[in-house]
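Encoded as structure tokens, here's the structure I'll be asking about.
In order of appearance the chains are A, B, C and D, and numbering begins at 1 in each one.
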Amino acid sequence: MTSPFSFKPLELPAALQPLRQRVRDFLAEAGRDWSGWKVGHSWTGFDRDFSRAVGAEGWIGMTWPKQYGGGERSHLERYVVVEEMLAVGAPLGAHWFGDRQSGPLLLRLGTEQQRQRFLPEIVKGEASFCIGLSEPNAGSDLAAIKSRANKVDGGWRLTGTKIWTTNGHLSDFMIGLFRTGGDGKVKHEGLSQFLIDMRSSGIDVRPIRDLTGEAHFNEIFFDDVFVPADMLVGVEGDGWNQATSELAFERSQPDRFMSCFPVLPPLIDEIRQGGDGDRLAARRLGATVADLVILREMSLSVLGQLAEGHAPAREAALVKDLGNSHEQQIPNLVRELSDCPATLARGNRLSELQGFLTQNVPSYSLRGGTREILKGIIAKGLGLR
Amino acid sequence: MSNEQTIGDLLAEQVDRLLGREVTRERLIAVEDGSFDQGLWQALEELGITLALVPEDAGGVGLGWEDAEPALRAAGSWAAPVPLAETLVAGWALGLAGIDNPGGPLAVSDLIFQLDHQGRLSGEDGLVPWIGHCSHLVALAERGGERFIALIPRDDLQLTAVETLARIPSARVVVSGFAPAALAPAPFAGELGLKPALAAARAVQMAGILDRLLALCVDYGNTREQFGKPIGKFQAIQHLIADLAAQAAAAQVAGLYACRQLDRGNGEHGAAVAKARAGQAASRGAESAHQVFGAIGFTDEHILHYYSRRLWQWRDEAGSEHWWAERLGRQVLAAPGAQLWPAIAG
Amino acid sequence: MSNEQTIGDLLAEQVDRLLGREVTRERLIAVEDGSFDQGLWQALEELGITLALVPEDAGGVGLGWEDAEPALRAAGSWAAPVPLAETLVAGWALGLAGIDNPGGPLAVSDLIFQLDHQGRLSGEDGLVPWIGHCSHLVALAERGGERFIALIPRDDLQLTAVETLARIPSARVVVSGFAPAALAPAPFAGELGLKPALAAARAVQMAGILDRLLALCVDYGNTREQFGKPIGKFQAIQHLIADLAAQAAAAQVAGLYACRQLDRGNGEHGAAVAKARAGQAASRGAESAHQVFGAIGFTDEHILHYYSRRLWQWRDEAGSEHWWAERLGRQVLAAPGAQLWPAIAG
Amino acid sequence: MTSPFSFKPLELPAALQPLRQRVRDFLAEAGRDWSGWKVGHSWTGFDRDFSRAVGAEGWIGMTWPKQYGGGERSHLERYVVVEEMLAVGAPLGAHWFGDRQSGPLLLRLGTEQQRQRFLPEIVKGEASFCIGLSEPNAGSDLAAIKSRANKVDGGWRLTGTKIWTTNGHLSDFMIGLFRTGGDGKVKHEGLSQFLIDMRSSGIDVRPIRDLTGEAHFNEIFFDDVFVPADMLVGVEGDGWNQATSELAFERSQPDRFMSCFPVLPPLIDEIRQGGDGDRLAARRLGATVADLVILREMSLSVLGQLAEGHAPAREAALVKDLGNSHEQQIPNLVRELSDCPATLARGNRLSELQGFLTQNVPSYSLRGGTREILKGIIAKGLGLR
């Protein structure tokens, strides 16, 4: 067969409907007072109280073993919870990285002690994780990482600078990638992952304001920071593979195409206020919804394949690429169909969301690897030599 | 990827092998020039694919759309010059209506004909592909709000040849007051008759074509040299091919989605999503592929245009992406914004 | 390029030199925080640019729009945090109406206010940039089909601060029944009042910003290294920058076109073409520039967003590209197709 | 000043209006029976009788000196004639390459004898030129040209293959680029331009059918073809510079953005038949017209600068890049606004044009250098090192 892709469909069983309804009810209550601006932040929004409440419902670490506080529930159940949260732009940031990335990393590669210590805290919404990858001179070129971890008695000493760490200033822990060896010739060799307590002495977190004036990402300076030996994650020197396979895994999740979704319902309501909507509105909205439905099917398919033990890396990369385009087009759609208002009206959900998204979507094709890097990965994966 | 192979996968493999061997440029030309490829059709009949959607008790294979999707996509990926998609739709509709399948290649109309009280059919369809090579046309007929599947002998139709970008032999069809050869109620047919099923089939075929374009582009990227290296080493070409891959993947998922929705009686929604998405993928994918191939891709000799012309044609048939998007959008706009997410996720 | 330098070019050079020296990030921040940059304004007044479009016999420089375009574009290219564009439009309108220019920074409205028979003005405008720092608002007033230019003291206006993406101090303005400080017939004003002139000014400003983005991106492409070489060596970055260049060029020509049309009394057509085209250039150009700069371009510290936020704002002010395109399109559709070419080429 | 571009406006004087009207009258008569399909070919359509008629009006070689049969008229007058022709999709092919490219080349670099012999024939519409650049293994990479010209007694012997030569099978002469020297290290050295009589023995022209089944371009085999010494054009070994400066010159002309224009009038008429057109139709058409007006202004500006003796190569390249995008979008516009008819109705002007353009516009970003090559040229021209 010709296609290099596998997109075996995954059908969410009707049995998940009660769970979905429960999440909706929970969110209707929890999100009663969320402003459009807040909702715009979606999964990057940091709200510890909300995360604790989510944890109390058993919706963090849902698929993890019970012995670590997990729910031993299916990936499908988790998917339902996540997409419901994203559909209303819930502030997932305080548990998102732990739930999506760091927890699964520890489950795969962590020591028993690491799992026992951290996973239950993540599950409760008490332990927030951030990811320390990029450096000032290692952005797209992650393998150019220069921060070093030097072996010392009982552990490691970390020195260097990480940057663009989302919510680093609010997080309890970081999974950071540091150079532990390698002669520098093969740049992605000799890197290792560490679990770092952000309260360690020698860590200086400098929040970086973004163009809206808010501080979500950070520059983090490590000055001879001690990390105990048992906080190495996985295999020394294998950090590059570990970290990039994490990246591959997260590419297909609905946060890669649903960040702008919450603006659509108020847009529809505004159009309806002016009548039934014309051909322009119908066509643009219809095309957007079709695009979204297909992205969701693709994402579900990747989920199913992962659950079956496959590694659909190419498929996941395509979901992110298409998801970026989808998300980035949405503010244009809103502009055209809401006649391009020139002011940002606080208190108006549509206006706040649109103001937030207009200024933020350009970054969506950067996070988790730039579009350019991603397309190169896709091309290589297709067999271009 | 998966260990268990379904009957659909097996059928697709057979179809793929057969067509990969048989469909040459010469045979594509012969069909575009007007002849019917009886040999190819018979070979496909022998594989059982032509009756895939006909119930087992009616002599068919009794598959659903989801099962038949891989084979139809494989046929698309070779631009198989036979009315396979049409015969599948026709067989499916006849089967559901309980009408005996006359066998052989069948044509379908995606429009709705009028039935009078004497049981005589009237109406027209400006574009019916393959009808000149088919014994019958299968179409939806309506009388006072009731819907029927009608099997209409070709000889009762007035045909006028029409030109399309695909150059598949096609005709404008007029029927004026003939009683169909068979007629049976079609409660399963929605407002749009057979259009959703044909749209789903076109989406699947387009996905197959995009698969092929991707394979051709990757191969060309690795072999064609300019400036002393394979053009696939250039980031611009890599990005064009990555974009094509994304469109091929989306079209594939779209086609399959439409098939699954047809199987569960939700064909109109599935077709709207799928044709809207796959039509867009067709336009973008053809553009990328032509840009990768450059001048050579514009020659009659090169195989590329047998694929790109079908994409340009099929995106317009059975409702364009704009037509379906508009329909879907009007449904979205018929309910408050809060209903959008439940409409998508359930 | 040309050997003869016009007065417009000389003025632009002076403005460019002044602003290049004076407009720092700190001063941009101060203005966005609400203060007025009196020093910068005075320096511009001394160059004469603020009265460029005021007739010589009214104490101005007496330039036309085409002559003033380079200086206004230069001001745009530094995101000059002063109401220069507004003051130019206001001065031009007051001059044409023969109303004495009160001097200093002036605000304008692109909407039309109602004049009653006692000469009292009413109406509102949801967005008037800079009004809090200006002594007067200049606006078009209408009474029974007759049009007037009105000079309205700020103290007769109700102001409510509004937020914009550009963060230039702006307000919603309501005037209810005050007689303007001056009023004179404005036979030169078309159906849209001052909107075409303001739209032209915004197009020119956006062109200036795109010029700057291009310069910033070229510099970054040559200096920022990734994978062991300047990112400008990567074809993907080259193409992003080439696309940005194309949009910058189109916006520049569009802004100048609008100015030339204003000078010949054809401002509405010029504004429609220019704002439709430049608005599109703004969206695409900002997108390309942000993609080139990556994460660093998203920081408050980096200068990029002082430009991109203005693009996102100005494309929406004085009629978005969609608003103007729709208007232009309706004019096109009002005549047979054969009239299209003569409408473009004469 | 910041901008790297110069787009000094050029205003066409009102005095040209009578000429414009004369061209319109001429075309109304000459084009009475042109089908939509024919008109789709625009400047590539080859119609010798039409070119002779154009020549008889004095509209070929308009700006050339009278001593060579030219009209000594202004570049502005020529522009008016050309854009009027393009607006109706007139078949310019039999004189276009001579008028646009080969004639000006001979004026700049040809010998007096070459000018006297060829220019008057071009002016009359009697001598058709084609351009021999690309080779089977030198497409985008023109400098990889392998065809050779070997010096022999009294002239040169040409051997090799040219490809994609538009209208080569119908042309009388070719300006061809051949390798005359160079050690092969610096690929673009040692190339020379020759004026070749297409009836010379040893030339074998094989028309190449395109995807619509028509043969416009050709593969041309040179087997020891003799070219007299006096048919070398310009300086031996300087052919690369000569040919690429030709390319730069032609980039900004209206044929680079007006090839699809003739489909717009029938589209407008079709929309008007169904009523006034809605918001969708108005916005899309308005945006397209705005785009076209600005392209025309840019093209006129480059024309004016060239006439003043400047060499606005960057500006010209941008016109072609923007022009390609403009042209290639037009069939999409027509599709969306005419509800995507699935048949090609012969005799219907809109349908024939749309059918032609749908199949042909993908090639518009290839001719005269691919979009990818062009963008690289633009980027380098901006100072990217």
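Definition applied: a contact is a pair of C-beta atoms (placed from the backbone, for glycine too) under 8 Å apart; a residue touches a chain by one contact, two chains touch by 3 or more.
All of these numbers come straight from a predicted model, not from anything done at the bench.
Q: C-D versus B-D: which interface comes out with more C-beta contact pairs?
A: Between the two chain pairs, C-D has more contacting C-beta pairs.
Q: State the chain with the largest centre-to-centre distance from chain B, centres being mean CA positions.
A: Most remote chain from chain B, centroid-wise, comes out as C.
Q: Can you check how far apart chain A and chain B are, centre to centre, with Cα atoms defining each centre and the answer in Å?
A: Averaging C-alpha atoms per chain gives centres 38 Å apart.
Q: Give, as an integer number of Å, the spacing between the C-alpha centres of chain D and chain B.
A: 39
Q: Quick check: how many Å separate the C-alpha centres of chain A and chain D?
A: Between these chains, centre-to-centre, one finds 51 Å.
Q: Got the chain A residues that touch at least 2 other chains?
A: Expected reply: 279, 283, 372, 375.
Q: If a residue has to touch 2 or more other chains to count, which residues of chain C qualify?
A: Answer for chain C, listing residues that touch two or more other chains: 234-237, 239, 322.
Q: Chain contact topology under the given definition, line, ring, star, complete or other?
A: Contact map by chain: complete.
Q: For the complex, which residues does chain B have touching chain C?
A: Of all residues in chain B, those touching chain C are 234-236, 239.
Q: Which chain A residues qualify as touching chain C in the complex?
A: For chain A paired with chain C, touching residues are 134, 137, 139-141, 144, 163-164, 208-211, 213, 217, 328, 332, 335-336, 339-346, 355, 358-359, 362-363, 365-366, 370-372, 375.
Q: Under the definition above, what is the set of chain A residues touching chain D in their complex?
A: For chain A paired with chain D, touching residues are 278-280, 283.
Q: Please name which positions on chain B make contact with chain A in the complex.
A: Going through chain B, the ones touching chain A are 1-2, 12-13, 16, 66, 70, 73-74, 77, 208, 211-212, 214-215, 218, 221-222, 230, 232-233, 235, 237-239, 241-243, 245-246, 248-250, 252-254, 256-257, 260, 272-274, 276-277, 280, 321-322, 324-334, 336-338, 340-341, 344-346.
Q: Quick one: in the complex, what on chain B touches chain D?
A: The contact residues of chain B facing chain D are 126-127, 162-165, 170, 172, 225-228, 234, 236-237, 283, 286-287, 290-291, 294-295, 297-301, 304-305, 308-309, 312-313, 315-317, 320, 322-323.
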